[in-house]
Amino acid sequence: MDQQLKIELSQQGIFATTMEELYNWGRKNSVWPLTFGLACCAIEMIATTMARYDLARFGAEVFRPSPRQADLMIVAGTVTKKMAPQVVRLYNQMPEPKYVIAMGACAISGGPFKQGYSVLKGIDRYIPVDVHIPGCPPRPEALIDAFITLQKKIDAQALTGEARPRHLRDDTPSEFPVPTYGAHDLQPAKNPTLWHITTNATSPKPLPTGTDESGRD
Amino acid sequence: MSTSMEASTPAAHQGFADATMIDHESDLLQISLGPHHPSTHGVFRMDVVLDGERVVKLKPVFGYLHRNHEKIAESTTYLASIPYTDRLDYMCSLSNNWAYALSVEKLAGLQVPERAEYIRVIAAELTRLQNHASTIGFLMQEMGASGTPLMYAFREREKILDLFEALTGSRMMCNYMRFGGCRVDLPAGWLDQARKTVDEYPRFLDEFESLLASNEILLARTQGVGVLPPKLAIQGGVTGPILRASGVNYDIRKVDRYGIYERFDFKVPLGEHGDVYDRYMIRMLEMRESLKILDQALHQITPGPIIDPKAKIRGFRPKPGEAYGRIESPKGELGFYLISDGTPNPYRYRVRPPSLINLTVLEDMCLGSSLADTVVIFGTIDIVLGEVDR
Amino acid sequence: MTALAYNSLHHASPQAADQIFLIVQHWIVSHAPAGLQSLLAILLSVVAIVGGFGLLFAITTILERKGLGRIQNRYGPNRVGFFGSLQPIADAIKSLTKEDIVPQTADKLVHLLAPILLVLAAFSVYAVLPVGRNMVLVNLDAGVLFFFAIGSVTEVAVFMAGWSSRNKYSLLGAMRAIAQMISYEVPLILSSLTVIMATGSLSTVTIVEKQAGFSRILPHWFLFTPWGFAGFVLFMIAATAESNRSPFDLPEGESEIIAGYYIEYSGFKFALFFLGEYLGMFAISGLAITLFLGGWNAPLPFLTWVPSYLWFFAKLLTLIVAFIWVRGTLPRLRMDQLMNFAWKFMLPMALLNLITAAVWHFMPSGPVRWLVSIVLVVVPYTLLGRNQMHKSHLEKRVYRFAE
Amino acid sequence: MNLEEIKSTLEAAIPGCSPQIVTNGSPSGQHSLLLDREHAFVAAMFLRDDPTLCLDYCSNVTGLDWLDTETSEKVKVTQLVDGVEKEVDEVRKTRTPGYLEAVYHLYSMQKKHGPLVVRLRTENRTDSVHLPSFTPIWRSAEFQEREVFDLFGIIFDGHPDLRRILMWDEFEDHPMRKDYVEPDDYEYEPTPHDAVLKKALEHRNRISTPDGQGA
């Protein structure tokens, strides 16, 4: 419906809505998160649901412990390589439409623990992330902000046309391959169909090389 | 929309529950609690074999939050490890700071000014208050009290976090203590605010206790459940409130007299039965003792330097040698074992995690009790996965 | 407007307002062809029940979320609509449009049937609940019996759900649910037997009518007799267990078995479980109102002008609020404690209550009858209660302190 | 009882036992007792059960990895150079084989004293890395010895349940060893600095194709 017309109608006390808007309105106002905490950020996530910050105001206090009944996965904390397969599996078990908030530096990129053998360098290597929220850990206000950002994102989704969301397309998967434990690392170390390095980072602009790093062979 | 109906293979359930396969041959049911489970405090996993609802075997599985903390600390400087210690037991970052600073001070032979010692005691006891309150809240949550006690506990926790934020700039990850002192001095008005919070705290405790302590369902769920005999507790290396709930008088604040704890008048509450109720009550009583210490410390503290001027913060290179320092963290004995080889990085950096070692006796406490009790017993051990797996 | 409706509306207002739904129904039916009139009348009643209690379900979900929020020092949903009043609609839209997942190894037919059966059974029992004067779908002579018989189908539905999902947690939840519901059905039925003894009828309508009238300002509800009071308390405890509400929410105990028997259900089927559970709670509260709280009768003599169905729903909402309050306050029992409580406390108390009711029935009215009945209720209660506490050695403890 | 006395008591109580004192240069003054592998278990049992020591609480167990070290020293040697005897500087390299070490911190809860630091050493770092397990004596060592096994690769004989604890079972390396090479996944570093920058550069040099896009 024409936006202008709608505004005029609403000024005259007539609220016109479309199926698309109703659907998006319902989805965005009833986002039930999965009870799923990984590390430090989980405590801040709990604090967000508690009395002072009260995520329930947005209709999101129904933390469902079973992934089958959840809409949103808040990856709150460090995803280790041992945990990554389970995170992907949980994501696969959630019904569409489903959303992911990567909460905190660790979930985004490994954060302070990125150098090392056992921490996954970002959960978006395996599952698609809707909202990234930086911080170590992010404050509850930041999580609420991420939540509102997600709501806005849902609200803006068109249900037809090329830009329609993943769960309405036939050519996009709703499940993603689960990595397996290897002898030295996870196999595979990333999901190449999902994870692309932004052009900025792959650009041949040299990193500030201090020494002539030949590296290992 | 692609249906996940077809694609959801049995393997897809493994991480969640290992739950699709039911063994028809035996009457025993093997289930896996975790790593994603509402009451495992994060990503802990217990492989439980059930006979009906009775636990006949329980094996903890760790490592889902192994963040190679020790490896990182060995490849960085002494100072740069302090933020990492915050993230060990992320409920009580200030206690972790203190334990690490204490160990480094032992390693390098540094002295701490008096004011800094007072600030450390105040910070550590505030940490203990909020940790114990949240632990009890989580315990009630595990008993199925739909969040109300947890909400009340977190309401008080937020007040203490406000103090931390005013002092250190961060709610949870304080990164506050330094070798030979503390990072910054108390901001103006902080002491008054802290005194106010401390004075109001007993009201919350009274309210909490009157709501919980004589609730018959709570008594029935906790008394005589998960009994830990004192011999087994010592043998299993259990420390902290769990050990004292079993009746063993061992509080490192009294034994080692680290910091300035000998100046304060406080007692160590001891349990007799070593069951879940005792562990819950000991935490309640310890909070009251912490309030006593806080009350004394907040009134005795005097102005002065907060860090030893001789202590080198940058380019810190202790002499070769080793040291093991430990404190009584809210969870038990938190120790750091450091070896210096004279370089800016520690050669070996080891955390003695109380949470991990307290789990040694988990199976003994749970065997023969029901699944519901297992969750409650596990809740009273009070673990934080960041510390268990590091 | 037809003559019938016109006449009725012109009558004195209490009658008209009280019977408004019946009048509207008659008016609509009178326009239908003669052959379809009876069918249409039934359909209309069914639509009214489904719509009315469906709406009550929506109201209860928001009431529960707001109420729990209040108990816990927070606001609860307040962003959608006026004070969050549109929250249930958003939840409904979301649930309806969610993907439906059936595990590959599940028994697909049973998996599908379980929530449907649950909701059907929950709705069926409303047929015998008198929600207002003359407002009952069928006045069965064995109404209470019908209620319990159909109500038991929910147990089958729960077990079907738990078993067909092929998940160990759901199986555990189903086992817990079956054990709990069957155990608590015994005190539930025994405690309602007292009312059946007193009224000599199984018809819900007759039971409500027997509770009409007042002695001075005290209504003739069975709640205001010693056996009725004890029966009501026992009934409500058993009802809490029957509808899997806290502190008896073991079959879905979140902290232990995650979501219990409906762990594998998603989308609309999950919403059906939610609906079925709440409907079961309303139905059993409705029966408690019918049996003990005087049904649709007004509580005070000077309030009889208020339409009868409003009284029914007011009492229902009161009981719902009590359910929510209990949920926000109490921790959960353990399975063996639950069973002990059912068989060692609830069952003897319910049996003794039958004797009390009989004594009450055969003694001449007067203070002696009250005294004897109260003694018959209070003494076994204290004895049994003390026995329970004593056996499990529950006590407040004293702690020693080391220097 | 100081370390010297404990040493002599052990020597007296257990025939063949020869503990050594390892001194510690730091101001902490926590010197330690090195037990030989053969008698370590009996000695530990003695330490726990001796009524005066009564070390009933094993607080901390950890592993250490000492790499092979090469020390070079200059030695003056007389040599025939062009028929003339001359004193010549020669660099002699002595290679000390590395070893793995398990360190136990023992306390007494009953007597409230401690710590006594006990060390055990393996012969080398690769093939002979067996040590006796102290888990039968102090159960608190159970998970910690498993951790040392997982991260350092010391095999504790007599441990009831020696499996990997932190890493997954299929994992083959021992990551806390000093020569461990971590998996290389530094494809994308938006703000590299310090050690991460070094590793990102190494990664870039190793992979000629634009990183991340292939595979």
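Letters A, B, C and D name the chains as they come in the text, with residue numbers starting at 1 for each one.
The rule we apply is simple: a residue touches a chain if its C-beta (ideal position, glycine included) is under 8 Å from a C-beta of that chain, and two chains touch if they have at least 3 such contacts.
This is a predicted model, so every value here is computed, not measured.
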| item | value |
| --- | --- |
| Result of counting contacting C-beta pairs for A-B and A-D, higher pair | A-B |
| Subunit A and subunit D: spacing of chain centres that average the CA atoms, whole Å | 42 |
| Rounded Å distance, subunit B centre to subunit D centre (Cα mean) | 28 |
| Separation of mean Cα positions, subunit C and subunit A [Å, integer] | 41 |
| Shared-contact residues (touching 2 or more other chains) in subunit C | 72-74, 99-101, 254, 258 |
| Contacts with 2+ other chains: residues of subunit D | 166-168, 175, 195 |
| Sequence positions of subunit A contacting 2 or more other chains | 35, 50-51, 65, 82, 93, 95-96, 115-118, 167, 174 |
| Chains touching one another, given as label pairs in label order | A-B, A-C, A-D, B-C, B-D |
| Of all residues in subunit A, those that touch subunit B in their complex | 35-40, 42-44, 46-47, 50-52, 65, 67, 77-78, 80, 82-83, 85-86, 89-90, 92-93, 95-96, 112-113, 115-119, 136-137, 139, 167-170, 172-175, 178 |
| Contacting residues of subunit C [partner subunit B, same complex] | 68, 71-74, 99-105, 166-172, 176, 246-247, 249-250, 253-258, 327-337, 389, 392-397, 399-403 |
| Subunit B-touching residues of subunit D, taken from the complex the two chains share | 24-28, 30, 32, 56-60, 62, 64, 103, 105, 109, 112, 115, 117, 138-144, 151, 164-168, 175-176, 195 |
| Subunit C partner contacts - residues on subunit B that touch it in the complex | 1, 3-6, 8-10, 13, 17-20, 22, 29, 31, 37-39, 50, 53, 140-148, 151-152, 155, 213-221, 223-224, 249, 251, 254, 267-273, 277-278, 281-282, 285, 370-373, 375 |
| Residues of subunit B defined as touching subunit A within the complex | 1-4, 7-8, 11-16, 35-38, 42-43, 63-69, 71-72, 75, 83-84, 87, 90-91, 150-151, 154-155, 157-158, 171-173, 385-386, 389 |
